[in-house]
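First subunit A sits with subunit B, and in the next complex the same chain sits with subunit C.
And now, the complex of A and B:
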C-alpha cells in the first residue's frame, strides 16, 4: 500500500483529467472557435481584469495573512485568531459574496447604519461601490475570503517550525519583534504553503463565485464570460466556450509564472532587507496599522455573514430601515423539508472524501518524504484540477462516467470530490511530513520500534494538527463543490451545494441565504471539531504545537 | 438531418458520436392512452426543472404526491439551477452512446434550449397529441403553438404562459404610469438613477430589448423572419431609445443587475423604482412572500406585451417515457393548472382555453383571487421575434454597452 499509494493518487487524478482534457481538446481545438473567441468585444479587458483582480487579491491576502500570523505569534492571541477565521473560512464563496453585497452596497447594512441621521439619505445614493469597473470590490471580497484561509494554512505550517528559539535569537541580535518574525520565521512558513498560495491565485483568476456578486459587469472577468457561454441556450456558443477555457488556462499559467517571478524578486529584496541591519525597533505603529487592517478584513467577513443571516429572516427591507419589516423564519421553513436528505448525502460524501483523500495522502507522503522531486511532481499533478475551468473538463469526464455506467452514483460524485480535495490535502500534509526532523523517527527505530509503531506513536502525533486540518479542508471542499457534484451526480445526487446553487440562481435571496448558511454550517463544525480535537488529544502533552 | 449535420461539423467529440444516436428517432410505436398509463405504473420520472423558487418546489411536491397516489408513478424533481447543465448532460449521454436509460425523463424548457435540442435531434416526438389533457390547450394562440417562432410540432407541451410585465413603485411613479416607451423615457430622464434592466444576455434583459423593439420598430412583421443585412435599419429606433436612456439609468448605465431576480431585490430595497418579469403574478407573489412592499403595481405597455410560453419535453433516451407522459398529462389537467395559476401557490398563468373546459373546471379558474399588482389593462399579445434576433440583439448590445 505504501509503495502503491503515490500511483493510486496519480490515477485518481489522471483519469478524470485525461478524459476531461480530451473532451476539451476535441471541442475547442477548432479555428472557427478561436475566431469567434477573438472577435468577442472586450475580450482582452476581461483577461486583464481576471489577472489584475486575482493577482492583487492574492498579494494583499498573503501579505496580510503573514503579518497577522506574525502579530499573533509574537503576542500570543493565536488561538483566538483562528477562532475568528473559522466562520469566514467555512462560508461558501458565493454566499459570502452576496453577504458582502448586502453589507457594502449603497442600500447595504453599513449605509443603513448611518442613514438618514448622518448622511441625510432617504434613498440609497446612486454610487457604484460593488461591481465597480476596476474590480476593487471583487479584490476586497477575495481578500476577505482568502486571508482566513491563508492564516489557517500558515498556522498549520507553524507547527513544523520551531519559532521560539528563532525569535529569541533574532531578538537577542536586537531586531524588533515584527522584523525578527518576518526574516527568521516567515520565510520558513512561506516555503510550506506555496501550493496553498498558488491555489489562492488560481482561484482568484478563475473564480465565478465571488465575481458574480461583486465583480465588474461590462465586461466581466473572463471566467464569468466562459460561464455565460457554457450555459448559453444556443449550443453554438460551446466551441467558443471551450476555446475560451484554453485561453483562461493559458492566462492562469501566465499568472502563476508571474507570481513565481515576483516571488523571486521579492525573495531577493527580502534577503537584502534581512542583511541591511535595520532593526525596526519602533514597529508599534506598523503593528497597529496592519493589525487594524486585518481586523477590518476579518470583521468585514463576519458582518457579511451577519447581513446574510439577517436577510434570511426578512420580509421587504426598504432603505433606510435598519431591520427588515417583519422578522420570520419563513425562509428556513422553506428550506427545512428537503434539508434532512441533502444534509445526510452531504455528510456521507464529505466524510468519505475526507477519509479517502487523507488516508491515501498519508501513505503517499510517507513513501515520498525523502524524494523531493517526486513529491513536487505529484503535487503539481494533483494541482491541475484547480487550474482548469471546471466547466471545460467536466464535460469530457462526464462522458467517461456515463460510459462506465457510474454517472449518478455516489461513487462517481465521491471520486469527483476527491479530485478537488486532494490538492488541498496534499498541500497541507506532504510538505509538513517532509519537514519533520528525521531524528524523531531514527530515535524511535533505534529504540526498537516497528515502522508501524514509529508512525503511530511518533509521526502521527507530530502531524496530527495537519491531519485534522486536512480532514476538515477535504470535508469542506466536498461540501462546497457544485459543478462536479452536478455533472458526476447526473442531477440525482442532491447535496447542500446543489440545493443552494438552485435557490441562488433564482435570486430568491431569503432561501438562498438560508441554504448558504446551512452549507456553511457543516464545514464550520468540521473546522471547529478539528481544532477542538487537537486540544483534546494534546491536553496532557507539553511542547507539542496545537 | 441537414441542420444536425452542420452542427456536427463543429467537430465536438460529443456530437461526433451523435450521428449514431440520431438514427433510431421517429420509430415510436403508437400506443393508446390506457396502455401508456398501464406501462407507466411503477416508473420513476426524473423531472429536471429549474428550482429557484420555493413555491415551484412546493407545487411540484404536491404534484408528486397526487401522481403517486393516482397513477403509481414516482415524480422526482431534479432541482436545476440552469437548464443548460441538463442540455450538457443529455449531450454527454449521447456522446457516450447511451441511447436509452438516460438520466432525464422530462425537462422544463423553452426558446433557445428547445431550438438547440431539436437541432441536435435529442427530443422525443411527436408525443403531445396522445395526451387527453392536451385537448383543452389554447392551441390557436401563436405564443402557445410556437416557441420563439419555432413550431412545437408535438415535441414539447405548453405548460404555462408568460407576458412581459413591468412593476413599479407607486410612491415614485405618478398615476397614470408611463405606458409606452416614449413616456417611460421621459420618466427616466426626470428621475435619474431609478430605472434599469437586467444585463443582456440575461434572458429577461434580452426580452426587454425585444419588447422595446417590437413597439418601436416601424416594421414589426419583419421580426418574424431571420435577421439579415437590414438589422441596423430595423433596430435603429431601439438604439436611439437606449442611447437616450443610458446616462440616466441606475449607476449611470455602467452597471446592470445580473438577473430579473436581482433587480426585484433592488426594487424591494428601494434602490430602483422598476422591475421586470415574464410572469404577471410575480409582484403579487413577492408581496405575499413579504419580499416586496404592497405599494408595488404592474403594467403592460399599451402597444402590447411580449408573450411566450414554457414547455415540457422528453429526451430521446428517456428511461421512463410513459411515466413522463403521465406526469405531463397530470400537469396539464384543469386541477393542476388552476392550482398553478393560484397566486397563493405559484401564480403561473394557464395555457388552457377557458371555452374548452367543462363549467366546473372553468369555475376553478374564475374563483382565483388576484393581488393588487396585476396589470389592469391587457394590450395585445406580441409574438416572440425569430430567435436569430435575440442573438443579434445581444451581440449588438454587448458590443455597445457590455464591454466599454
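And now, the complex of A and C:
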C-alpha cells in the first residue's frame, strides 16, 4: 500500500483528466459543431468578458494581497490577518456570491443600512448593481473571495523566504516599507506562489460559481454559456458545447500566456526600479489608500456571509427594514423543502472525500518523504486540475462515466471531488511530513518500536495539526465544488452546491440563500472544529510543529 | 570475544568509497573515540552500525554484538542505543512520556512503570520533571532526559554522535561525565564520534582517526 500509494494518487488525478480530454476530443471534433459555435451571437463578447473579469480580478487581488502582507505580514498583525481571512476563505465561491447579492443588490443589506434616513428610498431603487453588463460586480466578488486566499498563500510562503530579516535589512538601508517589500521580498514570494496565482486566474476566467449570481447575463461570460448548453434539455446544443469547451481551454491558455507576458514586462520595470536607488519614503498615503481598500474587501466578505445567514431566517423581510421581521428557522421548510437531504448528501460526500484523500496522501507522504524530486513531480501532477478549465475535461469525463455506467453514483462524484481536494491536501501534508527531523523516527526505531508503532506514536502526533487542517480543507473543497458534482452526478446527485446554483439560475433567491447559507456553514464548522482541536491538542507542548 | 566488533566494514556512496575497510573491537565499559574532518563518514558509520543507513549507500563487512552477527538484523532487534547532536526528545510527549517510550518493561503494570521512571529521573537530579514539557528544559536537562530514555531501553551498546556539541561549556562537562559514568557502570561497549579533543580525552579509551578518501 505504501509503495503503491503515490501511483494511486496519480491515477485518481490523471484518469479523469485524460479520459475527460479524450472524451471532449471525440465529441467536439466536428466541423458543424464549430460552425454552430461561431455563429452564436455575442460569442466574442462572452470571450472578452471572461478574460476581462478573470484577468482584472486576479491582478487586483494579487496587488492587494501583496500589500496586505507587506503591511501586516512581518509585524505582530500577521496572525490576526489570517484569522480575518479564514471565514471568507472557507466559504464556497457560490455561497459567497449569493451573499454578495444579498449584500449589494438594490434591496440588499447595504442599501437598508442607509435607507430611508439617508437616501429617502422607501422602495428598492431600480439600479443595476450586481450582474452589470461590464462585469464589475463579478470582478468585485472575485476580488473579495481571492484576496484572503492569496494572503494566506503569501503568508505561508513568508516563513520559507526569511522575510523578516530581509525587510529589516532593506529598511535599514533607508527604503520605505513598500519599496523594501517590493525589492527584497516580493520576488521571492512570487516565485513560491506562482502556481497558486495561475490557479486563481484560471478559476477567474472559467468559473460559473461567482458568475452565476454576480456576472452579466446578456451576454454572460463564456463558461455560463457552456453550462447552459450542456444542461439544456435539448441535446442539439451538445456538440457546440464541446466545441465551446475547447474554445474555453484556448482562451484560458491565452489568458495564462498574457499573464506570463505581463509578468515579463513588470519584471523589466521592477529591475529598473530596483536599480534606481529611489527610497520611496513617502509611501504613507499608498499604504493608507490600499490598506483601506483591503479592509473594505475583507469586511465586504464577512458582511456577505452575515447577510447570507440573516436571510436564512427565510421569513418576510420588507425593504427598508434592516432585519427580517421574524427570526426563525421555520420558514426554511417552505423555501427549501429538500434542504435536509441535500445537507446529508453533502456531508457524506465531504467526509468520504476528506477521509480518502487524507489517508492515501499520508501513505504517499510516508513513501516519498526522502525523495524530494518525486514529491515535487507528484505535487505538480496533482495540481493540474486547478490549472485547466473544469469545463474542458469534466464534460468528457461525464461521457466516459456514462459509458462505464458510473454516472450519477456517489462513487463517481466522490472521485471527482477527491480530484480537486488532493492538490490542497498534498500541499498541506507532504512537505510537513518531509520537514520532520528524521532523527525522531530513527530514535523511536532504535528504542525498539516497530515501524507501525513509530508512525502511530511519533509521526502521526507530530503531523496531527496538519492532518486536521487537511481534513477540513478537503471537506470544504468537497462542499464547495459545483461543476464536478453536477457532471459526475449526472444531475441526479443533489448537494447544497447544485441546489443553490439551480435556485440561483431559476431566480429563486430565497432558496438559493438557504442552500448557500448551509453551504457556507459546513466548511466554517469544519475549520472551527479543526483549528479548535489543533489548539487544544498539545497545548502544553511548545516544541510540536504548528 | 569483544562486546562490539566490526569486521572489514566499508561504506560507499554513489560509487565513491567513504569509509574503510575498517576492523575494530570495543570492550564492555570502554569508549572508542572516532574523529576526523566533516564529511568523512563518521555519522554514516554509526547509521550503518545501528541499521538505519539509507539504501543509497553500498556497504560491506559484518557487525558482531556479543558474538552474534547482527549485520542483517532490523534496527529494532539490534538494540543499539544512539544519542545524536540534537537530543530529539519527542516534542508531543511529556518528559515522562518520552521515558516511557524508551522503557523496556512490557509486562510491568502502569504503577511499576511510573515508579521506574520516577526512579530514573531521581538518579539524574530531575525529580519532579515527569509531567514537564521537554521544550521548557535547559540544554543540560534535555541531554540527561535523552540519555535516560536510551538507557531505559536497555541497549546492548551505545553510539554517541557528537551528543555534547550543542551544549554550552558547563553543561557539556556535566553531560559528558554522566554519560561516561553510565557507560562504565553498565559495562556497555560505546563508540563516540566527536570533533572535540576534550571529549576524546575524557572518554579515556582507544581512539581512531578517519581519513578523507579521494
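We take it that the second predicted complex is superposed on the first by the 331 of 546 C-alpha atoms of A that agree within 3 Å, B and C clash if a C-alpha of one lies under 4 Å from a C-alpha of the other, contacts with A are read in each partner's own complex, and residues count from 1 in each chain.
Just so we're on the same page, a contact is a pair of C-beta atoms (placed from the backbone, for glycine too) under 8 Å apart; a residue touches a chain by one contact, two chains touch by 3 or more.
Since the structure is predicted, the reported quantities are computational estimates derived from the model, not experimental observations.
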{"item": "Which of subunit B and subunit C A:163 touches, first, second, both or neither", "value": "neither"}
{"item": "Touching partner for A:317 - first (subunit B), second (subunit C), both, neither", "value": "first"}
{"item": "First (subunit B), second (subunit C), both or neither touched by A:104", "value": "neither"}
{"item": "First, second, both or neither for A:26, with subunit B first and subunit C second", "value": "first"}
{"item": "Partner chain in contact with A:228 - subunit B first, subunit C second, else both or neither", "value": "first"}
{"item": "Per-residue contact with subunit A, leading partner among subunit C and subunit B", "value": "B"}
{"item": "Partner chain(s) touched by A:41 [first = subunit B, second = subunit C, both, neither]", "value": "first"}
{"item": "Touched partner set for A:440, first subunit B, second subunit C, both or neither", "value": "second"}
{"item": "Footprint overlap on subunit A, where subunit B in one structure and subunit C in the other make contact", "value": "none"}
{"item": "Touching residues on subunit A, where the partner in the complex is subunit B", "value": "22-23, 26-27, 29-30, 32-33, 40-42, 45-46, 105-107, 123-124, 126, 128, 131-133, 212, 216-219, 228, 230-236, 238-239, 314-319, 325-326, 328, 330, 334-335, 337-338, 395-396, 398-400, 402-403, 407-408, 483, 486-487, 490-492, 494, 498-499, 501-511"}
{"item": "Touching residues (chain side subunit C, partner subunit A) in the complex", "value": "47, 50, 52, 54, 75-76, 78-82, 84, 86, 88-94, 101-102, 104, 133-136, 149-150, 153"}
{"item": "Contact set on subunit B toward subunit A in their complex", "value": "7, 10-14, 16, 46, 48, 50-54, 57-58, 61, 76, 78-89, 91-93, 95-98, 103-104, 111-113, 115-116, 119-120, 192-193, 199, 201, 250-252, 254-256, 258-262, 264-266, 268-271, 289-293, 391, 398-399, 401-404"}
{"item": "Residues of subunit A that touch subunit C when the two form their complex", "value": "370, 437, 439-440, 442-450, 457-458, 461-462, 464, 538, 540-545"}
